[in-house]
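Shown below is the structure under consideration.
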Amino acid sequence: MTNVLEVDAVDVAYGKVQALTGVSLTVGEGEVVSLLGNNGAGKSTTVSTISGLVRPQQGTVTAFGRDITRATPWSIVEQGLIHVPEGRRIFSRLTVHENLLLGGYTIKDNSLIESRVREVYDLLPRLADRRAQQGGTLSGGEQQMLAIGRAMIAGPRLIMLDEPTMGLAPLVVAQVMETIAAINSAGASVLLIEQNARAALKVAHRGYVLDSGRVTLTGTAAELARDPQVVEAYLGK
Amino acid sequence: MTDPSLPRDPAGTQLPPEESSAYVRAVETKQPANVAPAGTGLTPAAKGHGPTSASRVVSSPWFAVAIVVLAIALPFIDSGAYTLRIATDALIFVMLAVGLNVVVGYCGLLDLGYAAFFAIGAYTAGLLSTTFGWPIIATIPAVVVMAVVGGLVIGAPTLRLRSDYLAIVTLGFGEIIRITANNLDITGGPNGLFGIPDFGDFGYRSDVTIYWFTAVVVSLAVIASSRLGRGRLGRAWRFVREDEDAAEAMGIHTYKVKFAAYVTGAIFGGLAGVLFAVHQTAISPPSFNFLWSALILMAVVLGGMGSTPGVVVGALVISLLPELLRGAENWRYLVFGVLLIVVMIFRPQGIWPHTPSEPASAARREPDPQPEVTA
Amino acid sequence: MDYVLQLILNGLFVGTFYALVALGYSMVYGIIKLLNFAHGDIYMLGGFVGFTLLTVGSGALAGGGGIIALVVVMALAMVATGLVGLVLERVAYRPLRSAPRLSVLITAVGASFALEYGVAVGYGPNPRAYPVTVGGGAVHLLGARITYAQLVMMAIAVILMFGLDTLVRRTRSGRAMRAISQDPRACLLMGVNVDQVISRTFFIGSALAGAAGVMAGAYYGKIDFLMGFIIGLKAFTAAVIGGIGNIRGAVLGAIVLGLLESFGTAWLGSQWRDVFAFAFLILFLTVRPTGLLGERVTERV
Amino acid sequence: GGGLKEGSSSNDSGEDAKGDIKLGMLTPLSGSSAAIGPYMKNGAQLAVDEINAAGGVDGRKLALTVEDEACDPKTAAAGAAKLVTAGINVSVGGYCSSATLPTLSIFGKADIPMLIPAANSADLLKSKLKNVFLVNGTGIQQSQAASDFIKSKGSKAVALLDDNTSYSKDITTRTADNLKNAGVAVANKQSVTAGESDYSGAVTAVMRAKADFVYWTGYYQEGGLLIKQLRSAGYKGDIMVADGAVDKKLVEIAGQANAQGTYATMTQTPATIPGGDAWIAKYKKAFGSDPGPYSPQAYDAVRIAAEAVKEAKGSTKGEDLITALEGIDGFQIFSGKLKFTPEHTLSEGGFDILVVKGDDFALNS
Amino acid sequence: MNAVLECRDLAVAFGGVRAVDGLSFDVHEGEVLSVIGPNGAGKTSAFNCITGFYKPTSGSVSFRGADITGGRPANIAAAGIARTFQNLRLFGDLTVLDNVRAGMHVRLRQNAFDAILRTPRYRRSEQVATDESHRWLDFVGVRSDRTTQVRNLPYGEQRRVEIARALAREPQMLLLDEPAAGLNHGEKEELLALLRRISDLGTAVVLIEHDMGLVMEVSQRIVVISYGKAIAEGTPAQIRTDPAVIEAYLGAEDAEARSEAEQIAAEQAEELRAHENRARSSAQEEGR
């Protein structure tokens, strides 16, 4: 299996705050990889570093065989590496439909965008109901669906989701997890950050545990689910 | 690795890691939906707050004493007519800037017509003293009343507006006041009022007396505005600036609080107007045009919004710089403009920005291991 | 009746000029929430660039029709002012993206001073008479009078408005512009080159102002280094009346302001005109706090 | 600087009785009226150079210091204080009336006589300060000349337009009063905003009032536009402008065709008096450009100052100079023979009527 | 039991969307009441109606017997209702302490002149504000530096600060909108303990939450909202087995989704039982 993403010994600091120290991880082609960790462990920072929003002091990031450590965020998106950020970041005064269209900003072919938008509406019918409503007026859960849907328009080869189930009703959590599985089986690799470790390890093939900016544990989902530390901290016996 | 052209934060610590787009930095800390005009700063996680914060120094009684002593001593150092004149002008400008700072810096209301209150103060004092023969001191209560009335009239219907709409409304108000003064006979039309008396004969040269009086009043105003920024009301202003909804949820009547800021600013502006009228002896509408409002606002922003020492410095710069460039004729404003850009690029938060901090007394005294709270 | 019609026509025409400047103002505001006080001075600069080109090129153009010369010059002036806008954004605004919003206001005012007095130093403080002016015949409409030049200019403004409106509402770029105004960081994650889109917006806005500057020179026949100041304020006002950040609103607001001024002059006299317009504006905003076409969103809590 | 006590002015003119005679001038060098400053400055400098070349006054040279007033009261007051501190003996500046007003008390307290070459609002005299002299014709005289001419033209409906500055509004207000007394109807009187380009509102109002005579009392920038817009709206009647608008640029801006036949009220200038051409040539040689508005008045102010020092037997004390100025009688200046009225205005402020011929103004015969 | 808050037939609509549509429920004195329901059911909107951020189009809200329908948020807050927001709404630029002082605003006795003149009253009142802020921060368990800007704190700590700020108001009723979102398992446990402590103060707590484990554990009663209406109300035990709730909240249309949902519900129920056991045993320990 080839790796679509390789993060190698990355250090990131915000001013004096050292957020990441020597973080390395890989995502293989077609894999779902989960990233676990406490609040402030550096999960979001890791993903932001990959997507080019944050520059590392040390280390390299390679995607699809190319070094993207210094690449601009938009060129990274163009390569099919999509980051669904924490907190949804919906464009609150664009309509649901426009939000989706913007997800396809890097795609020049309008008919392709349209067909993907249709697919998203099929998958998430609640969005179709609200297509003309402004993004900012959606409920928290609806916004989360929109954020995921928006990322799907770009046709991601690797999608990185930062806490996609935050604030979702149990049913929808299950739905989102299914959606992730669906995206994955359609061929995209997934890097998933989740507080809901139980749900995450259910869809993931492998996982990493971050603690205070360092990778402290890694293994297959099954291994992690059995690890006493993980059980204690993230699964709750 | 760090780009030297990147703005640095005032504490001298580094910014977050270099990012590929200037905008990334900008956005991190901004909430697009609720654009407070005061905005927010750099990603401030890296900001260090030492216990010796500037605003604490300035609010200490010793600092105040030092200011007053220094101010009063000036005529003994240089009593030239020119020195005293520009010093008095600068002090009046300081008063305007700290007044506007309450509105813009503390409360986050963008006011582009602040000169209106300056005009109201100057004209009220001028009119009562020339046409009706009141002693200048006696006009002060009337000025305060008029400034408050002005604040009420314009503030009442408009303080609910969001920032840029408020900006244009205040701009309009400023223009209305100026044009009205220009068109009415009682205000002397375009020539305005002249022959405004000074504070009286104290045996000193009148410009020295005026200077001293101004120095004392302005020092008091600076201290008052700085202290106002710290108490219950001052905090409420900052809450409103940061997040109106959250402030409301805390039981803060945001409309009243904004009003308080606006009216406080109006009173400061009005009193500055009295000083100006006395100092100039003649007042006319061009002194209260939009450019003035813009310059006062610039003093506040250049110095550092919400920071009293910063605003004082900003006012001194904005007031004295064009005067120092006087010889440059048409180059004067060209140089001034370029300098403004340069200063802001190097100090985007202002020359002496406000750093949120707590007085030493606020540090926790003894940690309660077992909290006991009575509701 | 003819009198009222004349007032309306006057208002419409003045509004057209405000609109041309307000369009760029509103666009720039719309994307980075910047009150670009230097925008009026870009308009002024357009006037001077056109003046220089017409003066320098007068020999070459002498034979040709004034109108064609004017169109060529206008296009060149648009490019020139567009570039100045780009540079301005790069030098004075971009370094302050992360600063408080009002900090940029300072550099905008600084840029405004620099442009005004840069021109004053370069061209001298005296006003200049434009080498080519448009005159031409007039149409009489129910007793009111409007010149062809005025009609042409109004048509240009309307076309530009529709063009820009379509650009902003319907195109990929336009969507990106609106999205940037709400959340630039999220735009990066959509693959939007944010800086480039902002630069493009400045270019377009400044080029429009430049075109308006040349038109003003050619129509009124006089330019001076402070000519951008008042119209800058008026454009700002117009943009706000219309609902700031909104393209159609900018034009509508400009026309409303033009009409207000026209009728204010007629009813109260020139000296009370601005008082009338501003008083109306204040009252209007108190009943409609987001302008004519401004979006009224219930902010979610 | 001097002492802090009252009376200890920093201008102890007695001290340097042997040094240069210092003249100070406030004039706009920046801001919206920046175009005027150089004209005034050069006019004054020309006189200074001439007098110095001829040996100065009693062997003492004249020295001119110019400060920017920016047509802004605060800047003007600071400039005045700076001149006072520099120890000037006579002030020969003052352009905008509203900016000149706050300087009166500053020069007054320092005991410095003011020969004001441009600002001419009657308000300058209201405080009856004895150090204030107006070297320019006043609004009273100009409006008199204007209303006489309008009446002589047999006008039925007059429109008076000003730019809402004190200078300009003063003239329209007085002219309106005069016309009323003379039984001529004022059909329209309004103030427009300077600095704009479109005056169609004002033009429409003039047309609606069916005026047959328009008198503009502002400056040439707006004057040119107004004439152009009046003509293109089909206005056929007479147009007249006041002295602030007398400049070749007015014709240029309005377009020659539109401007032909436009009248102007103007004090005597080099252009209108016999032999004035030589002066204009001299000016041109010195500064490489034509003299402009208030160049002659500034030139005269300096000459009057020198004359006063001579009359005061070399004293540069304020009161001596004032006495000397009040005593001058028959000294030739551009506007005629100098003799100050008890109010300190020109007694012979003869206003001529000019008319646009070709690309410039010429005396109306 | 007395009702502190009574909502009757509340409704609010935006354009065509009826966010809240005839919602009625009571909150009893001192209880912990959870409000659950699908995303977009109108839970947050209901909070907004109660706290004055939305004006209900019809219906009424009364608090301790007084009608507060359509009142201004500030007045409602002053009457004794405090809330947190679904997306954190802290004053990010201000210090942690200042944020908590905001909650005390209505209780501080000082005016502008006291501040200018630094009167003894001002000093006293500021000292009280500081001391109490510390106490509330201790109460919710904020361990970070309290003199830095609140935005520097980790997310979990910020959540706590927001609760401290609301508590500093000393409200009779506290509305919490998804306080557990984004917290991990360990942190949820701490939140649970905090909620118990708040309840012990005698404050009525209304909780919007999607985390069933937490909800079942902490609530005395639960109200289920769907499409803007209350569709069920009862004790956790009643709600857990209510078919209408399973239908609306846990889903029923799709067999697969249903089984998944049931699985999650079952897991959570199991979790709950474990919690109950633990709670019981710890209670017994304390009892001894």
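Lettered A, B, C, D and E in written order, each chain numbered from 1.
Everything that follows uses one rule, which is that a residue touches a chain if its C-beta (ideal position, glycine included) is under 8 Å from a C-beta of that chain, and two chains touch if they have at least 3 such contacts.
Keep in mind that what you see is a predicted model, and the values were worked out from it rather than measured.
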>> If each hop has to land on a touching chain, what is the smallest number of hops from chain A to chain E?
In response: 1
> Which neighbours do chain A and chain B have in common?
Replying inline: C, E
> What pair of chains has the most C-beta pairs in contact?
Replying inline: B-C
>> Report the chain whose CA-based centre is farthest from the CA-based centre of chain B.
In response: A
>> From the C-alpha centres, identify the chain that is farthest from chain E.
In response: D
> If you average the CA atoms of chain A and of chain C, how far apart do the two points sit, in angstrom?
Replying inline: 43
>> Using Cα averages as centroids, what's the distance between chain B and chain E in whole Å?
In response: 40
> When the centre of a chain is set as the mean of its C-alpha atoms, what distance in Å lies between chain C and chain D?
Replying inline: 37
>> As a quick test, compute the distance in whole Å between the mean CA positions of chain D and chain E.
In response: 75
> Counting only residues that touch at least 2 other chains, which ones in chain A make the list?
Replying inline: 52-53, 72-73, 92, 136-137
> Where in chain D do residues touch two or more other chains at once?
Replying inline: 30, 34, 164, 191
>> Can you pull out the residues of chain B that are in contact with at least two other chains?
In response: 21, 24, 29, 32-33, 40-41, 43, 45, 47, 182-183, 245, 330, 332-333
> Which chain A residues qualify as touching chain E in the complex?
Replying inline: 38-40, 87, 126, 133, 137-142, 144, 163, 166-175, 178, 195, 197-198, 233-237
> For chain E, which residues are in contact with chain A within the complex?
Replying inline: 14-15, 17, 37-41, 44, 86-87, 154-156, 178, 181-187, 189, 210, 212, 249-251, 256-257, 260-261, 264-265, 267-268, 271, 274
>> So in the complex, the part of chain B that touches chain D is made up of which residues?
In response: 75-76, 78-86, 89, 182-183, 188-192, 194-195, 201, 203-208, 279-287, 322-323, 326, 329-330, 332-333
> Can you list the residues on chain D that touch chain C in the complex?
Replying inline: 30, 32, 34-35, 164, 190-193, 195-198, 200-202, 204-205, 208, 221, 224-225, 228, 232-234, 249, 252-255
>> For the complex, give me every residue of chain C touching chain D.
In response: 3, 6-7, 10, 13-14, 17, 117, 120, 124-127, 129, 133, 135, 138, 145, 147, 216, 220-222, 224, 226-227, 229-231, 261-262, 265-266, 269-271, 273-274
